[in-house]
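Chains here go by letter, A, B and C, matching the order in which they are written, and residues are numbered from 1 within each.
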Amino acid sequence: MELIDNLALGFAIALSPYTLMLAVIGCFLGTMIGALPGLGPANGVAILIPITFSLGLDATAALVLLTSVYYGAMYGGRISSILLNIPGDEPAMMTTLDGYPMAKSGRAGDALVISGFASFVGTFFATVALALVAPLLARIAYLFGPAEYFALYLLAFATLGGLASKNQAKAAFASMTGLGIAMIGLDNATGLPRFTGGNLHLFDGIDFLVAIVGLFALSEVFLFIESGGRNTAIGIKLGKITIPWRDIVATRWTLLRSSVVGFVAGVLPGAGASLGSFLTYMMEKSIAGKKGAFGSGVAKGVAAPEAGNNSAAGGALVPMLTLGVPGSGTTAVLLALLMTLNITPGPTLFADRPEVVWGLIASLMIANFVLLAMNVPMVRIFVRVLSVPPAVLLPGVTMVSFVGIYSLSGSYFDLVLMIAFGIMGYVFRKLSIPTVPVILGILLGNQMEDNLRRAMILSDGDWTFLFSTPIAVGLWIFAVAGFTAPFFLRRLIRTPKGIS
Amino acid sequence: MPRLGDRLFGLIVCAGALAYAVSALHIKVGFMSDPVGSKTFPLIVAGIAGLCGLIMIVRPDDDPAWPKGSSILSLGICIATLIGYALALKPGGFLLPTAIASGILSWQILPDRRLALIIGTLLSSGLFLIFKYLLGLSLFAFPRWILL
Amino acid sequence: MSNFPVSNFRKVLIAPLFTIIAAGFSVSAPAAECIAPANPGGGWDFTCRQIGKILHDIGQVDDPVQVTNMAGGGGGLAFSHVVNERKDDSDLIVAASQATATRLAQNAYAGMTADQVRFVGAIGADPGVIIVAKDSPFQSLNDMVAAIESDPGSVAFAGGSAAGGFDHLKVLMILKEAGFTDIGKIKYIGVDGGGDAITQTIGGFTQAMTGDISEAVGFLKSGEVRALAVLTEERIEGFEDIPTAREQGIDVVAVNWRGLYVPKGISDADFEAWGRRLQAVADSMAWKEAMKANGLAPFTKVGSDFQTWVDGVIADTEALSREIGVIQ
């Protein structure tokens, strides 16, 4: 069977001592980053990309290391949610709703174990599903021409702006900002500069790594400085850690349902892990009804969002690898990594670079077991991380960001540009304008424009060509539906208390 | 007037979109122009962005909590420090600028100058050791003229 | 695809370690530097890293060659750096390829010209190729030309370079050679690399792909596509069943060579020394293996021979670009 052969190839790569070592290092770093308040998978991976890149790791190695960080940070995100009531990032937000009350009532250890196990189940399911679904999706590659790709990119922006945000105008503006920035540099089709002001540094466009680190990591530093260091740790005692078997058995159906829903949410381009944890929590809450006592610190309320967001994290890899369209902020960052490594994600990836894809999938399976070990028996190590004082942590994060970008280009220009993106990220976040669409725009802008232009060359300028195949029309319908759905959904789902 | 943040920002967005569109109109046209050309897509982007700006003006969200005096000062110091750091990193070598910059940042979070000095020094030397010897990045500890 | 070189990982891990250790001991004479005018991972980076490594391994240079990535302006930033700041540095080599020549010919380096540096040599090349889907009605290059002559819009080409780039020029050269003059009518879309161009062709969105043969090896082996012609003087080893364009009466040779240039101001003795070193790399087993692993065909031209040849290529490209209007 082809799948078995492919997996064998993958495990041959993943089980080499070197790759294995990278996966373990990645898991450790990732969990640590996830556990730090305010740092999540997207900014964690963003900070580490430039450094990985300067190390000259080959494609598979770099990808294994950083996806391990990604998965690790998804696991680690629950630690600060549960112990401090501070989510490391948006997907971990739902975990605070029951995790923190549980910790306050003296069951911090139980909450960490249950959520750790839920993360494992979610990730396991997602990785298996990824191995099964991704190759199937890869085969539809030949059905995608310029018109279809254009519609697909539109779908990514539409769902990101619709399902994953509160204010469509702001999300659309963020997308346009990214697309507008992507236009800077030499025009692919004519080789003439656009929006460069004659500055040679801008001829190759703005490096998305500069934008990512500025928007995600530096803006976090600015927000923290503004808050005057309010987010300090309060001492929740972590008692003896035992395994609450009864709770785990009781949550078995919750785990399964949440894994499935989370994965599907992750596969949707642009939706991602936040939607995964939100949907699963709301679903379990309504299944449990009033007796479920969600919000007062119940096991299911911790298990559902953790299984959901970890499964969504895996699901988000599907559109990223097969179609080159990321499903979340973090996968957008990973897409940036692939592009800098000269790997073109998308349909041909599975045929051209099977070692990259299957090495990655196999590594993720192994990483998941490593993460279970790190996050249940060894969770104390990471709880310690929470006691790093911000006065050390934030300058540290800033310096790592600077050195990472500096080691890429060695120019002060990129550093100043990164600071500008940091300020922009700060302003955007104050005004609740999402920053992920900006990154997505910078990443996909040129592709989107190129495909539009290719479509028009092929059709001799006939705009109806964009709607000329069933796939293209289907994608347009989904895009419109995805962007407008929240208007209707908002009436159906009431936002839970504590989330504004 | 309430909800000033969004209204003001919407105005800036509209102005920015207009400037972007004007600048797009001045893009040099290439040799073999395709049906879409170099200007169309940027113009569409500017158009939608401008529309979003208008919506922000007409239907603004509630204002966020803007930083107060001391926080603004902290932020200003922080940004100025980072820009200075960006400019100093190449001519000044790694150690000294990093120590000063991380010291100042740390001082903005915890107003204790002695502690900031210690944190700055330790962070700078620690990161240098990690980057240079563990990860093998090419960094210079001191300004290059010291080595010559 | 089961022969993925797992052992390479170890090499990759160990190589930087050695570099670091070695760099720690070398205090004396400056080591040679190779500038790759692009980010790590591309063809220029490959040229620098492979040639640099082999130069050291076979003892042509004492210290490991230091590779510097200087991306920007499609190689223009590195070119200007060499012309303005390193013009007599005899320890400097810079990776170059057909793309360098094409851009110089099309004046894409802000007025800088080919005679501001010296081209040392090329030691490998990726042959040009024209590819169609397996069920395409075209059986030969001449079938395709005939179809274009009767309806220029009926055949769209996909290639990995931008419009006006080398992949596009290959098509134009072929049609011009075949006597079709209205080359402004030819449909060409530039996509992200040869793999994508082939996918578009298999999917039927374009009717033919123009590119390098290394980009098509996997697809040719699996039988999803056919090659109508390779653009070399002789048939290529390993692909003996693909006819050359020349055999089909269309005399076009277009290969994407990989080589080096050095600053203009170095002495003739230094220039010849680099030529000898490059020749030694070309003759080494390690380079032959590297070429095989990366789909390159042997193509060795070194020294003044090469300079003459490059000048010819640039002049031809310039004339063609002027004719189709890429440059005024």
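Keep this in mind: a residue touches a chain if its C-beta (ideal position, glycine included) is under 8 Å from a C-beta of that chain, and two chains touch if they have at least 3 such contacts.
A quick note: this is a predicted structure, and the numbers were derived from the prediction, not measured.
Chain nearest the geometric middle of the protein is A, using mean C-alpha positions. Ranked by the number of C-beta pairs in contact, the top chain pair here is A-B. If you average the Cα atoms of subunit B and of subunit C, the two centres end up 38 Å apart. One finds 22 Å separating the Cα centroids of subunit A and subunit B.
Looking at subunit A, residues 55, 189-191, 453, 457, 460 sit in touch with two or more other chains. The residues of subunit C that reach two or more other chains are 16, 163-164, listed in rising order. Within subunit B, residues 31-32, 34, 136 each touch two or more of the remaining chains.
The residues of subunit A lying in touch with subunit C in their complex are 5, 9, 12-13, 16, 18-19, 53, 55-59, 61, 141-146, 186, 188-191, 200-201, 203-204, 340-342, 344, 346-348, 351-352, 354-355, 409, 447, 450, 453-454, 457-458, 460.
Across the interface of their complex, subunit A is touched by residues 5-6, 9, 13, 17, 20, 23-24, 27-36, 38, 41-42, 45-46, 48-49, 52-53, 55-56, 59, 61, 64, 66-67, 70-71, 74-75, 78-79, 82-83, 85-87, 89-90, 94, 98, 101-103, 105-106, 108-110, 115-116, 119-120, 123-124, 127, 131, 135-139 of subunit B. Residues 51, 54-55, 167, 169-170, 172-173, 176-177, 179-180, 183, 187, 189-192, 194-195, 218, 221-222, 224-229, 389-392, 394-396, 398-400, 402-403, 406-407, 410, 412, 415-416, 418-419, 422-423, 427, 430-432, 448-449, 452-453, 456-457, 460-461 of subunit A are the ones touching subunit B in the complex. Residue ranges of subunit C in contact with subunit A, taken from their complex: 1-2, 4, 6, 8-10, 12-13, 16, 39-42, 71-74, 76-77, 106, 108, 153, 156, 162-164, 187-193, 195-196, 198-200, 202-203, 205-206, 218.
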